[in-house]
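Labels A, B, C and D are assigned to the chains in the order they are written; within every chain, residues are numbered from 1.
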């Protein structure tokens, strides 16, 4: 299989992890290791750049092993997201940004207009922009056209673990995309991650489903295997779904 | 993880393959290898015990590497299935039998009454019986109670690749079972196999989805990884599904 | 539309109601009226034939307006169900019986073997037998062949209100049946009832979803309309499901 | 039940029909009558205001009986949609507009950005704007806030008949809306329409599923009943979905 290519970087792993909601740093580090991931996202809003203590997440993880993907979680408007991304770059963190513009605290659904606005500004300023979006194929295409490096449609609301009960929209987004499609948010189990990859998604970003699992390290390994399984299926070509049965052991001509 | 225990045997692999519908023996052998499976099912009705030529499937596979699981595919009644199983044991093949009593050629759905009848007879005669059934928790319990070694509920009609659109019945069967539950038939993609295992199924039997995939060897590997992923998830404990979102990066107390 | 014909009787209504779980007799009677139903099922086990007081359900409803359909709810074995049905006939109640053989108290799922056994005996004794079954097309066919007047597959576990998340099995049962198919148990909302009828079911039996609704009379009317809507759709012929869109207002040739 | 109130008008019917894809004018008129609808949408792009012949749809229907709802189907950009809406008002047709901005010809999915832009302009110019949108709760809220009279999220792609396989988003839109929510596009059968109404949608717009049904008049009546059934259910209050069964005829204390 070819590596996943985002902007000018290549990744062998198609699984991206997050740094929120872990029970301990030890568990997080062991799970990162078990997941085989090469990129990890960090909420910029949780880093107080003026307070050395709060920067712990930057010190806990060995960033020579993982590429950091700063995200704008907690930003409600395009302006906030732009400001936070600029600050992170100014501090030398990265010019990559997982763009989240989320006005709604209950379902944490992204704002399509604000996301497109912020993406336009950040792309022009040279950021590598990975926008988090609803399952909207038209918006996905527009974000690609203005220069985003990927699109990141959700499977379900963040942290809900509902998976991908309706995969038609991801299918359309994949069909129309020329940039990588990363399914982000809502994945609850390996079967969800496998399904996303079978549909042709290029990668998955998973946080809560691993961090809050009974055994996060085991779950990290499960997700890694599922992502690989789904990708292999996509490459191998699955059988079509048929309304009727079709004997595994056809018995035409068998003497009865 | 503990090995899968069926009757008096133990298996490290939780994936069972079939010998029907392959494009070539070479492809089949390579896929068996890639799948890591330890047990392979063979349709007895396709073997003409009087004709050396037709016994090829018995010669093609190295049965020192795989345990043979004879099945009664093509048998429409309990009597037929009993006769075929007895013949196979008499020929020295095995005293294990995957019991299929299938009167209907279109959907290949099993007969609950005939299956229970045949199972009773075969169990009494010392067979290790693995019955193929519809998603019927009451029947599953009855088969267990008369001494079957496993129950093998279908995911969907044989060869349909429809997967597990409604997993409630498998969940109930697993909840009530004291013998291994092997999901058999209808699995179309790795996500289906992973889901079955996440629900607590002990193993999956897959044939068409691998044999008829674009690249069966790749798909065999995909299924192997998916089974392992689903099993790990079951052991690790998945997060619950929630109706609302739950921030991956909680921002309570963050200064705005 | 033709009337629904069961055994030698004809019904204009395709909705059957039950007498369990109502908050008051007044509410039940008003809902029966609003539903337009012509047949009502009564649990024989709840009638103490020796105690005049407990026979209230027989006195509450005006049985000149509704046909009584005695059921064997609460019977765990074929023997129990047969005994109860015989007693009801002996007491002059009816020779119709909704046959329930339910060993399992948690999911209230029917026993396929016990149901077939009891049905055989009761049919021979001249009963009009309407058996309650799981979604098993092979069993449905067998019950039809031994002379049952209908088959009554469940949508979901009794009282669960889960509806019909997987309608493939009902579809197959309908396709193969020559007797009326009555979907019984699990219907939670009008959309579930409409769906069952769209698939070609001949009628629905609904109890909990009406009796326990916030406003049972309103819900009875809703179910009546939904049954009629689903039936009309079945007769009218629905459009096929298509993977792509298809403009409602085609604009080929429109000048831009 | 209260009437449906949109802007300053009230409707007793909660079903809106379209004028595309009918096999004949006679069939359309009979179906409109059978549906009980009070509002009918017309694609402005199909009317050539300079050519009296092409205006037939305006002459075929008796617009004293139905309120006309002009739509901008076929408009790919905000500008086009605005222009068409203005022209329709200038011609005296209506100041109501069902706003469609659809750049994509394959899935006919709406452009969230273009729709919001056009809606802003048209609302300011005094139009009553009913925007067609994807299932995006954030966009729905924004359209409401700038003064749209309703929001019209799709069930599935236009004309696909796929219904509402994933109703979570409509549920969230309904929960957050203060203006009427009209489910538009993708409804294939009465059960889909009933489901939309059960979730709390205020109305449905249906075209292809009726116009292309085997018998459109029968289907129009089916949809009418289903809409009423779903609405009644919403008002009555459905039972919750439970994972386990719950006996319709509880038998506690019954003598065995």
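Quick note on the criterion: contacts are C-beta pairs under 8 Å (C-beta built on N, C-alpha and C of every residue); 3 or more make two chains touch, one makes a residue touch a chain.
Predicted, not measured: the structure shown is a model, and the values here were computed from it.
Listed here as common contacts of chain A and chain D: no chain.
Note on chain placement: the centre of chain C and the centre of chain D lie 33 Å apart, centres being C-alpha means.
The mean-CA centres of chain B and chain D are about 46 angstrom from one another, to the nearest whole unit. Within chain B, contacts with two or more other chains are made by residues 107, 109, 162. The touch graph of the protein chains shown is a ring with every node of degree two. Pairs of chains meeting the touch criterion: A-B, A-D, B-C, C-D.
On the chain C side of its complex with chain B, the touching residues are 103-104, 107, 109-113, 116, 134-139, 141-142, 156, 162, 165-166, 168, 172.
Contact residues on chain A toward chain B in their complex (touch as defined above): 18-21, 43, 45-46, 48, 71, 73-74, 106-109, 157-163, 185, 188-192, 194-195, 198, 207-209, 211-216, 218-219, 221-226, 228-230, 232-233, 235-251, 254-255.
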